[in-house]
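Next come two complexes built around subunit A: one with subunit B, the other with subunit C.
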Partner chain A sequence: MKIVGVAACTVGIAHTYIAQEKLENAGKKAGHEISVETQGTIGTESELTQEQIAEADIVIIAADVKIAGRERFEGKRIIQVTTEIAVKSPNKLIEKAVEVVNQKN
Partner chain B sequence: MENNLLYHVYFDCGLTTKEEVHTFISEMVCQEDPSQQEEIINQLNDRDMAGSTLIAEHVMLPHIESDKIKKSQIMFIRLANPILSWNWQTKDIRLLIVILLKENEDEQVKKRISSFTRTLADEAYLSRLLNCSDEETLNKEIKKT
Partner chain C sequence: MSKIKNLNLKGHLLTAISYLIPIVCGAGFLIAIGMAFGGTSQSELIQGEFTIWDALATMGGAGLGLLPVVISTGISYSIAGKPGIAPGFIIGLTANAIGAGFIGGILGGFLAGYLAVAILKHFKVPKWAKGLMPTLIIPFFTSIIGGLIMVYVIGLPVAGFTSLLTNALEGLGSSSLLVFGAIVGLLSGVDFGGPINKTVFAFVLTMQAEGINGPITALQLVNTATPIGFGLAYFIAKLFGKKIYTPVEKETLKSAVPMGVINIVEGVIPIVMNDIVRCVIAVAIGGAAGGATSMVLGADATVPFGGVLMLPTMSQPWTGAVAILVNVLVTGIALALIKKNVTEEDVKAQEEVEEDDIDLDDIQIY
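Let's look at the complex of A and B:
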């Protein structure tokens, strides 16, 4: 499965980056291809390409603030959670993403 | 750039409540201007109320960006005894990793801090930090980015 995501928190220096790491680790561990863009105090890093977004089966947005460029995901299946969820339960979140994609098919 | 300027370790701290922790942080931050302590405490409280900063069992990550902070830093506060009740939902806190970001900080410093923050996604690493028996070991374990 191909997953893309965005992580963004209020201050943009802590949960954003932990959420990215945890989601990417959990996704890869479960055998998925995953890329998570961060929108933090430094700005946007690991920016998702149009190709990555087009090929993604699902989008995970882990954010406590409004993210930039949400319109890029129009038409895609999206799971939106707080960064706290991504930090505390990344494996469950990936399982949920799989569940949602399987329901869709 | 000097790593040690960014990281500060406080071992066996006898802080027993969230309020004491926030006061301690404000005292460390505002050593040159104690009149700013209240503002730092308010900002820490606001962040705490905005959402949990618990990142693993027993470990909290309070963090703020403020114009009252003159120098960005990362503080490790290892408590002498656990704070049994941080608030109604957060219990048994033993280690606080505090990120204090100066407003309009240099991008290189922000990148160093974000690199450090990413290391906190490793639960085994957090567990090692949590279980260090002395200050020297804790200092050695910290992945200084």
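Let's look at the complex of A and C:
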């Protein structure tokens, strides 16, 4: 499965990046292709390409604040959570994402 | 309740705060440096009659004075997107003008954002006039409605409430300061930069915008001291011949402690996750001690972020240093005492820690 994600927290210097790391590790561990964009105070990093978004089966948004560029995901299945959930239960979150994708099919 | 949750009030506030923090930090340091060298923040810099320190203090003062506007614009933007910016800005300025301050700015932001959304939704214009919508109709109607509500309805009571709160806090005796500081410290410690911490942060930031620097200083000193306390605990435990961290955790500490020094508490989260109850207890005790010390001694940083970098912005930097020290010591000793000895099995077990179940209410699926 292919997953893309966005992480963004309030101060934009810590939780954002922890969430990114946890999600990517959990995703890879479960055998998915995953990349997570970070929108910190420094701005957007590891920006998702249009290709990545187009190919993705699901979008995971782990954010406490309004994210930029949400319209890029129009028409996609999106799971939205706070960064806290992505940090605390990344593996369960990935499982949930798989479940959501399978429901659709 | 679910309707209120759908409005996502806190999310909008946090979005605005994320824009606010760099402004407060930049302006806070400017005014702190300027005033440390004898400058004053002035409403106008008259050619030839000011020093560079006056200039710095004035730059900082101007930035801090606009905080109600920044929070209002940020909230409105979070709610309504780009069309929210203009009315958020104008209503924020209105809040400032009527003396409704930061709380007024917060209310004004919500007002502006939801009005802009409502007009966008219910105001139908013919096709040829589409261009007028974002340029004239939304900014004008949102601002006139929201601005007048601010001036005639919510402005005065909020201004009254703000000055009441400010006076009450300024008039606190040292025993109340002790309790207040302990509560702020405890609450900010318990979830390591998570939602409770951020809610308290929003509250104490409001006070700082009203010129009361004590509470936010207490909060951030606790955030600074907590990871350092985790580091100290390692050495204290070693004195007793106790091993409280696994090798992985020791590695984590090497980056978590320096991060703590500059106010990033989140570095210790991986360690906390392995032993939540004991860590939270130790941190809460230390945080309460540190917060209380900070408030009683009157540590008063003008910037709301920066860890030890906040010290030079205080009128008496030693007060902040003592508060950090107390907090680090208490957290460190508490951790060393209550954390268990690490055994081989723990090291293995740690690799397969059970995660918290996700509460279905916490996720939204589109």
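Just so it is clear, the second predicted complex is superposed on the first by the 105 of 105 C-alpha atoms of A that agree within 3 Å, B and C clash if a C-alpha of one lies under 4 Å from a C-alpha of the other, contacts with A are read in each partner's own complex, and residues count from 1 in each chain.
Please note the rule applied: a contact is a pair of C-beta atoms (placed from the backbone, for glycine too) under 8 Å apart; a residue touches a chain by one contact, two chains touch by 3 or more.
Please read these numbers as outputs of a predicted model, since none were measured by experiment.
With subunit A as the common reference for superposition, the partners subunit B and subunit C occupy clashing space.
In the overlay built on the shared chain, the residue A:Ile13 is in contact with subunit B and with subunit C. In the superposition on chain A, the chain among subunit B and subunit C reaching more residues of subunit A is C. By the touch criterion defined above, A:Val65 lies against subunit C but remains apart from subunit B after alignment on the C-alpha atoms of chain A. Contacts of A:Thr41 after superposition: both subunit B and subunit C are touched.
Of the two partner chains, neither subunit B nor subunit C is touched by A:Ala54. Within the superposed three-chain model, A:Thr82 lies in touch with subunit B and with subunit C [touch as defined at top]. In the superposition on chain A, contact of A:Asn25 is made with subunit B only, not with subunit C. Subunit B runs into subunit C after superposition on chain A, and of the options 116-124, 170-178 or 188-196 the stretch responsible is 188-196. Residue overlap on subunit A between its contacts with subunit B in one complex and with subunit C in the other: 10-15, 18, 41, 64, 82, 84, 87-88. Partner subunit A is touched in their complex by these residues of subunit B: 47, 50-55, 61, 63-65, 99, 101, 105, 107, 110-111, 113-114, 117-118, 120-122. Those residues of subunit A lying in contact with subunit C across their complex are 9-15, 18, 41, 64-66, 77-82, 84-85, 87-93, 96, 100.
By the touch criterion given at the top, residues 10-18, 20-22, 25, 38, 40-42, 64, 82-84, 87-88 of subunit A touch subunit B in their complex. Residues 11-12, 14-15, 17-18, 21-22, 77-78, 193-195, 198, 259, 264-267, 269, 273, 305, 355-358, 362-366 of subunit C are the ones touching subunit A in the complex.
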